[in-house]
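Below, chain A partners chain B and then partners chain C, in two separate complexes.
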Partner chain A sequence: MIIAGLSALGAASPPLTRLIAKEKEPSRAAYPGAPGGGPALRAKRWAMVVDAKKCIDDCKDCMAACHYVHNVPAIGNPKHEVKWIWPERFENIFPEESHAHIPDAMGKQLMPVLCNHCDNPPCVRVCPTGATFRREDGIVMMDSHRCIGCKICMAACPFGARSINFMDPRPFIRKLNLDFPTRTKGVVEKCNFCEERLARGLLPACVMACEQKALVFGDVEDPNSKVRQMLEKKFSIRRRPELGTNPQVYYIL
Partner chain B sequence: MLEKALTGSNRYYGCVAILLALFGMGVYFYLHELEFGLAVTGMSRDVSWGLYISQFTFLVGIAASAVMVVLPYYLHDYKAFGRITVLGEFLAIAAVAMCVTFIFVNLGQPARVFYVMIHPSFTSVLFWDMVVISVYLVLNVITGWTVLGSVREGVPPPAWVKPFIYISIPWAVSIHTVTAFIYAGMPGRSFWLTAIMAPRFLAAAFASGPALLILLCFVLRRYGGFDAGKQAIDALAKIVTYSFIATIFFVVVELWTVFYSQVPDDMEHYRFLFVGLEGYNTVARFMNVAVISAAVALVLLFNPRTRKKESFLTAACILVFISLWIEKGLGLLVTGFVPSPLGHITRYTPTWPEAAIAIGVWSMGFLIITVLYKIFLSVRESAELPEDMPEKPAAEMSVSS
Partner chain C sequence: MKLYNRGMIIAGSVIFVVVVTFPFWYGRGRAVPPPAIEIETPAIQKLEEKRCVEDTAFMRDNHMKLLASWREDVVRKNIHTYTAKDGRTFEMALTGTCLRCHENKTRFCDRCHDYAGVKPSCWSCHINPEEIL
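Take a look at the complex of A and B:
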């Protein structure tokens, strides 16, 4: 059965298109230590804090950095986009916290969303081949070689954090980072908390790229870690905690 | 018995040729998808499943519905179904074949399909669905083929096949239950997160499957010289009626829960399903057709006078099939994805290649039905003709021997 007519493929929201257009290509020098680096960073439980007050609306540094180091293709069509970390509005990220009288600037504020590296990840539960799995340190990983592209993880993720390569991504990679593999068509991918950088003693690319220091990364099980200290000092919220996935990306608003 | 598929009337050959051509068209476009990726479909990041998975879901129901003829005959010795159990089982074989193919064409990396067996994940409902569906296919091939074999010999089915038949009964329930669990187990999709999903699936299956079987029986009587018998058709029509009423009841229960509790997230999806959101009302328009078809079908089925009249019954069965195809083969899937977890509304429109592939898979299924039913007819004809077999239309389909 055909639902006649092609839909408006290019119908991204204008601000988003503007942001994408503005995206600047980071130079390789901006992300030191690749390859090489120091001893691996280890944690009992990796977590991220997004200090949203420090986040600047038009800034896309974290996204540009991440998408560069991970060879994420820049596909213009929002239907086929691959995204690891990207901006969304507060009211979309936390619809349950929004109401008619919150400051307009707050409701419309853009802040980064990414894989929450849930402690109890539904994507891992539903994957039929174990292509997505959770590491001891909490990072939810994707094995692109194991993925059959059934897309059940995309349906299961309550955060829309997963993308599938609808086509061969390689022609859409703006600048190739030879230190990280590219993917093939038909496999799912998402944020990996920069496990490849942690293994080389480097913090995630987005964290390093953020000049406002709005992104903080560390071991949430370690009482002395910066993430832990921030969470203990300030009130933070997480996306859809009622679903019991136990997300490990915290937002301070 | 397979050789009986090779000879037949011109009408049979023509039918096979058309279905083969449509299947070939599907294969052609699938090669296109294989080369360029899933981008040739209408699926998107937000609506990450489409026509393929929705057809799969609908067809699992058709497959499961074979139990509605097998159960009364084998467990309750309901003799009137004796002649059509094999038809039910063959329909199940075709439906399962379509299901498996729809899953396959949905894969981004089809060459890795066997990873599901090499690297199984026991927490995955999809893995278990594959297991139950494969076993169900085997069960139906064994039972359908063996029972037809004994029809040819004019002997009762061998005793060893009985356990397979008995197992196939709860197994039919299991395939649709596990398929419902694919949807009902996802924490973030409130539209699917409902315990009534599996019962609703089963009720809808037991309406749409027997409705299709009634239509197929009418086709067989008209063109194949096989009469299922009035009693069997009446019984099937009653099954369709009650199952259809149960389906509608389950949907109403769902609607009441959602709209009386007024949880915004839940209501949003149902608004999309029935009226549309932000101007995206294509699915809602289809649902309007489904609702009207369902209402008319319900009246026709509920009233014994219309239900017993063949013309009305045919219309009712077509309407039941249409309404449930829209409800399950379109609305149920797309609505789960709209709005997205981030509140975005992304349109899903199947592309032409995607539709062509889907038509190709359906044609493959109907080809299997055609061939299997042809074998069924020829075997019955070459075996001793039952007394109630009408003689005249038999000439339509030439006998091979």
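Take a look at the complex of A and C:
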């Protein structure tokens, strides 16, 4: 397990250094605490397109970048695993579309999955404290301050996008990013579409880390956005749309 | 009216009263020195005007309310900039803004919180760079 962790860290280094170098660019103003970065990115409805054909099987750049930026712990034990964006195969992403004769190139390829930031999020409906909520721009947010760790949202999410911290995550974080808090034992966490980066005018970490440009992020309500153009050009599918949650992560296969 | 087990009852009552009132008479007349908090840090010494987000008296009384409203604004309302009464603007961030000047959490935040007997849970998630570097 340790060896696997080390090799994953080794593989993750180049995108991380690139990402960190990019992060240094926005300069902070003269006095401490002055708002840094560029003007906030705003949208009517944030969405992501995963252009899976561009995705390289063994590449984990997006995951490494996300998990570094958000201080996601690397807990070896899969029962305690915490994940924001992670690789899955076709049969697990689209089980209802899968059959025995899917071309190998597609069936065996790993693709990233993450929170779908549903328009009608079941996790939000069941949360008893309002700790998870849907923002105006469609981002389904976690407010860890209000999370009581009841895990009902985890049961409600059809995509397994939520993880709970069964233990203090700090010892399992390889390299702390001081610009983002960690979580604590007993709170649920998940992808936040990098809302803290959007507020500083930066695109999500996974999108910036992907050299293949397989991840595209933008405003799906804006007809001129890249996301919208891609969706109008190519056929795309979403995970389990029949459940009526209206997911906002689209896959071009 | 006869009181059975008189000795035990009276002795027990005396012990009960002594134990319950212990903190009051034990601490009586003792002055616990107020905490010595360190405000001077290298970052603060470099500042031209040594002024926190708001004035000192306001911060002393209301920092917890201010931080709670920052928390609501940032997490739930997507507002990230705070405009102080004198017009300066700050990014609302505990580690990023407060601790950038108050680098000495253990000798600033903790000393007063220990004295007042409050245990804020901020630090179970928010990072104190002092601890890490």
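Basically, the second predicted complex is superposed on the first by the 218 of 253 C-alpha atoms of A that agree within 3 Å, B and C clash if a C-alpha of one lies under 4 Å from a C-alpha of the other, contacts with A are read in each partner's own complex, and residues count from 1 in each chain.
The rule we apply is simple: a residue touches a chain if its C-beta (ideal position, glycine included) is under 8 Å from a C-beta of that chain, and two chains touch if they have at least 3 such contacts.
This one's a predicted model, so the numbers in the text were calculated from it and none came from an experiment.
Asks: Assess the superposed three-chain arrangement around chain A: do chain B and chain C clash, or do they fit?
Replies: Aligned on chain A, chain B and chain C fit with no clash.
Asks: With the two structures laid over each other on chain A, which partner does A:127 touch: chain B (first), chain C (second), both, or neither?
Replies: first
Asks: Now for A:178: first (chain B), second (chain C), both, or neither, which partner does it touch?
Replies: In the superposed model, A:178 contacts chain C only, not chain B.
Asks: Regarding the shared-chain residue A:189, is it in contact with chain B (first), chain C (second), both, or neither?
Replies: neither
Asks: I want to verify the contact counts: of chain B and chain C, which reaches more residues of chain A?
Replies: Chain A has more residues touched by B than by the other partner.
Asks: Between chain B (first) and chain C (second), which, if any, makes contact with A:219: first, second, both or neither?
Replies: In the superposition, A:219 contacts neither chain B nor chain C.
Asks: Between chain B (first) and chain C (second), which, if any, makes contact with A:164: first, second, both or neither?
Replies: First partner only, chain B.
Asks: Does the superposition put A:149 against chain B (first), chain C (second), both, or neither?
Replies: first
Asks: Check whether A:240 is in contact with chain B, with chain C, with both or with neither, and answer first, second, both or neither.
Replies: A:240 contacts chain B only, not chain C.
Asks: For A:95 in the superposed arrangement: first (chain B), second (chain C), both or neither?
Replies: After superposing on A, A:95 lies in contact with chain B but is clear of chain C.
Asks: So after superposition, what is the minimum Cα distance from chain B to chain C, given in Å?
Replies: Minimum C-alpha separation, chain B to chain C, in the superposed model is 11 Å.
Asks: Identify the overlap between the chain B-contacting and the chain C-contacting residues of chain A.
Replies: Residues common to the chain A contacts of chain C and of chain B are 184-185, 187, listed in rising order.
Asks: Using the touch definition up top, name the residues of chain A that touch chain C in the complex.
Replies: 31-36, 40, 133, 135-137, 141, 143-145, 176, 178-179, 181-185, 187, 195, 199
Asks: Touching residues of chain A toward chain B in the complex: what are they?
Replies: 1-3, 5-8, 78-81, 83, 88, 91-93, 95, 113, 122, 124-131, 146-152, 154-160, 163-168, 184-188, 240, 243-245
Asks: If you look only at chain C, which of its residues touch chain A in the complex?
Replies: Residues in contact with chain A: 43, 47, 53, 71, 75-76, 78, 80-81, 88-91, 93, 95-98, 100-101, 121, 124-127, 129, 132.
Asks: What part of chain B is in contact with chain A in the complex they form?
Replies: Touch residues, chain B against chain A: 36-39, 42-46, 48-49, 51, 103, 106-110, 112-113, 115-116, 119-121, 123-127, 130, 182, 185-189, 265, 282, 286, 330, 336-337, 340-344, 346-352, 355.
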